[in-house]
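Each in structure tokens, the structures are laid out below.
The two complexes that follow have chain A in common; it is paired with chain B in the first and with chain C in the second.
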Partner chain A sequence: MASMTCDGRPTREINAEIKRLLAEGHAEIVVKNPAARHNLAVGVVQPCTLIFEGSVGYYCGGMIDGPHVEIKGSAGWGLAESMMNGRVVVHGNAGNAAAAAIRGGSVIIHGDAAARAGIAIKGGVVLIEGNCGYMAGFMGQKGVLVVCGDAGEAFADSMYETICFVGGRADDLGNDAVVATPTDADVTFLSELMVRHGVKKHVKEFKKIVSGRKLWNFDKREWKTWSEAL
Partner chain B sequence: MCGIAGFLDKTRRGSAGATLLKMLTALGCRGPDSAGVAIYGSGAGDVLKLRIKLGERGAFEEKGRKVAEQLRECGMIKESSVTGAYLHALLEPRVSARDVERFIESLAPGLEVVSLGRRLEIVKQVGSPQDLEAAYGISRFRGTHGIGHTRLCTESRVDLSHSQPFWAHGAPDLATAHNGHITNYHTLRRRYEQHGVRFYTENDSEVIGVYLADQCSKGMALEEAMKASLKDLDGSFSYVVATADALGFVKDPFALKPLIVAENDAFVAIATEEIAIRAAFGSEADAREAQARELKLWRA
Partner chain C sequence: MSDNARVLKTSGTFTPEVIEDIQAKADLGRYRIRGFGALRERRWPTFDDLTFLPCTLTRIPLEGYREKCSTKTVLGAGCAKPIELDIPIMITGMSWGALSFNAKTALAKGAAKVGSSNTTGDGGMLQAERDHSKMLIYEVLPSRYGINIHHLRQADGIELTIGQGAKPGTGGLLLGSKVSPTIAGQRDLPAGVDQRSPARHPDFLGPDDMIIKIEELREATDHKVPIFVKMGATRVFDDVKLAAKAGADVIVVDGMEGGTGASPEILQEHTGIPTLAAVCEARAALEDVGLYGKIQLIIAGGIRNGVDAAKAMALGADAIYIGTAALMALNCNKPVFVEDYKALGTEPYHCHHCHTGRCPVGITTQDPELMKRLPIDEAAERVANLLKAMTLEIQILARSCGKSDVHDLEPEDLRAFSLEASMICGIPLVGTRHVFGGGPGWKKEETH
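After this line comes the complex of A and B, so read on.
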């Protein structure tokens, strides 16, 4: 295990050092005092473990393919944005647009997520142990978004095939979001997911939210639906 | 862009100046055009603290001395000093804030009351937070709470007057700092101007203080006015607001602008980016992004 500090260093130098340590063959790197710097561990495309001992800023773990990134603090906007594969775990809260447009892997937020969590995801799993803010799951194309706490306003708006589960309140659904009945396979998937990621929040029952598919194809006879959605 | 910050010291050690400087320095990269702070120090009864802009940049001792003399002749002034572009004065409040302001502005061209209140003092200028510290030593400003701003100018002029925080002219001790863009600024401004309100800048952020002061003057509590602003202000905004005994924030309904809140038993810290909170407080206090439509007001 290698260890490095961010003290007094610009982001570019920190990311270069992470890549240098990986090239030297270290599989696990502890990064001390990130102090909420932006763009940390962006574009790392090999399996490894990166542990940030403190909060990170915007786009941490963006575009990664394979690493396990652990953040022992909170994360800023665009956490793990466009991640291909791997796992990003935040012990604190996450800012806006967490896990935006991820294509695979998993993003686990043990605290709350702010607005637009899991926006336009194209695969993968987003698990939020706390609550999420406004417009989570907007335009989700594939993948799964799980919120153990309450969902914010306009939840799951205008989705394609993303499947959402909410453990708490979900009383302000977005356009074309409909409540479905969880299958036995869903229940098994959720309980395994919670155990795997050590989510302590006890959730009795999840509500399943999917797309009503009314917005998938334009039909001028459904003028009212469209004028509301747009 | 732009960076905003708010700090409330629950222990009342009075470290507002030094703390806000650390926070603003961290936010400097978000707003290289200008920097400013509004700090709430100790008051002395009804005595009003004034900060008057003498000119845009540089030293204005001669001009400042003349203005102070004129104020002294009217028997208004208790104490005065000139630092950089500002005349700092303590006044006996025998007339309303608006009348004091009008009188001062009539004394010489280019004068502007930048702040007025029992506790409020605003210092701002073109340049970085470090420049502000070098010119005015803001780290030595004592206070229980305050707000700050680093500006990336997008539309209006880059000068001292257009810098933030803004004092809400006419409402003693009310100050705001804003990150974002108020898109119905011109509509609101026209409406206020028809009612005789004077705007001092072309900066859309100025309207927030005008709006809050107007609502409060109609009998709304500040928190209610902040809530109403979510409906009446359009566009993207995260703003911080402070009075002699309160600090608060508001985030727009679309959550378009960042705002981080961290609170523990010792302090409340609000900042555009967590980087400011970590620079000032290390790993103390968990940070969270404020939600859309969220607002909060703490009593200082």
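After this line comes the complex of A and C, so read on.
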């Protein structure tokens, strides 16, 4: 395991140091005092473990493919955005647009997530142990979004095939979001997910939210829905 | 007047076109969607309102056969790996989805033949496009369809797209008829859905956030390749300065004459500002912040030929994007397969039915049978020929104006035919020595 510090160093130098250590064969790197710098660990495309001992700024773990990134603090906007694969774990809270447009892997937020978590996800799993802000899951294409706490306004708005689960309140659903009945496979999936990430939440409390598919193709008979969507 | 010589009176307000539009919407129950771009008569100043002033006695022209006129174009000159092109005409971003595999591949091959670039689009990178490109610009769009770090790193430049000229402030549109299983797989969507891209990026909102986004793109590409910011032309003077402040190496401004594969018709006809005005505002903005000549400016939107391109370059553009013109080189609107145009309710030279997916010439379709009508190598040759012809047109104008480099064309080489064009461009009206307005600001002291 290698260790490095961010003290007095700009983002470019920190990321270059991470890449240098990885090239030297270190599979696990502890990064001390990130001090909420933006764009840390962007574009890392090899299996490794990166542990940030503190909070990070925007786009931490953005566009990665393969690493396990652990943040022992909170994260700014766009956490792990466009990630291909890997795992990003935040012990604190996450800012807006956490896990935006991810295509695979998992994003685990042990605190709360702000607005638009899991926006436009194209695959993967997003697990929020706390609450999430407004419009989480907006335009979700594929993948799974799990919110153990309460969902904010317009939850799961205008989705394609993303499947959402909410353990707390979900009384303000977005356009074309409908409540479905969890299947046995859903319950198994949630149970395993909770155990794997150390989240204590009774899975039978979860509501399942999916797309009603009324916005997938225009239909003038659905004017009321489309008047807000077009 | 005899009984059989009646004069039909037509409303100037409710013209036949307006009546047809009302009745179409009465049937549809929504706004009308189509492709192509603005169709209405251009009553605004265009590049046709300008003329070049070649050399006579005050300037010395260059000989066409003997004297060189460079067309080499460098974008992102300050980057570790700048984009070096042999010509200043580039192919703009058009998605694989809106366009067929054959069309995208032919554009890549055609551009590469003449040392130019092409651009991905709102559907991610097509591997064949990369394989056949000399230079490939990778677009990062609000939808993030097909976003892939490995593709990003294969690109020679990254274009962060905020909007496009045909429909600024809105996202892309791909009707279900074109979302084939292949396209759906590429975009992580269900096949057959009417797919509307978001208008905003999912993970940033304003220009201050964009500073961080651009840094992210640089980190993802090891600070090597140029970062473009592309915008539809609206408040260009302010938007260009904000993009410059955010750290763009290259700024793309796409005027309202720009094309689209599908969009609400009203956006194509009634939003944005003309390309002529856009280039003038963009140059003035870069001059205002002391970055003209340091940040490169690409102009797009309805550029038809080397004349439009040369005028845009004289006004301040370093390079030109073409989209619709390149599709026409592929055969868009050519009078072949005429019955298929008629089946769409249109005819060659009038077709704007890109949105239907039934393109008679195999360009804007995902139908394998229609696609066969566009043999890739022949189509690529035509694209290359158009790019060559446009470059020669720019060169002949530049030489006649005494320039040994097409990038040396300048506002002083132009005069305006109309008062409006003079005011927009800051160029004297023909027959006068007066500058009547703002524009790029040459000879500001003469402004009246």
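The criterion applied here is as follows: the second predicted complex is superposed on the first by the 225 of 230 C-alpha atoms of A that agree within 3 Å, B and C clash if a C-alpha of one lies under 4 Å from a C-alpha of the other, contacts with A are read in each partner's own complex, and residues count from 1 in each chain.
Note that in this section contacts are C-beta pairs under 8 Å (C-beta built on N, C-alpha and C of every residue); 3 or more make two chains touch, one makes a residue touch a chain.
These figures come from a predicted structure and were not determined experimentally.
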item: Which superposed partner A:R12 touches (first chain B, second chain C, both, neither); value: second
item: First, second, both or neither for A:A115, with chain B first and chain C second; value: first
item: First, second, both or neither for A:M84, with chain B first and chain C second; value: second
item: Chain B versus chain C as contact partner of A:F218, first or second or both or neither; value: second
item: Which of chain B and chain C A:G61 touches, first, second, both or neither; value: neither
item: Chain B versus chain C as contact partner of A:G124, first or second or both or neither; value: neither
item: First, second, both or neither for A:G140, with chain B first and chain C second; value: neither
item: Chain B versus chain C as contact partner of A:G92, first or second or both or neither; value: first
item: Greater residue coverage of chain A in the superposed arrangement, chain B or chain C; value: C
item: Residues on chain A lying within both footprints (that of chain B and that of chain C); value: 38, 57, 77, 96, 116
item: In the complex, chain C residues that touch chain A; value: 28-31, 143-145, 147-150, 152-153, 176, 187-190, 192-194, 198, 202-204, 209, 212-213, 215-216, 218-221, 223
item: Touching residues on chain A, where the partner in the complex is chain C; value: 11-12, 15, 38-39, 42-43, 45, 57-59, 62-65, 77-78, 81-82, 84, 96-97, 100-101, 103, 116, 119-120, 122-123, 139, 141-142, 160-161, 216-218, 220, 223, 226, 230
item: Chain A-facing residues of chain B, complex; value: 253-255, 258, 260, 273-275, 277-279, 283, 286-293
item: Complex contacts: residues of chain A adjacent to chain B; value: 35-38, 54-55, 57, 73-74, 76-77, 92-96, 111-112, 114-116, 133-134, 152-153
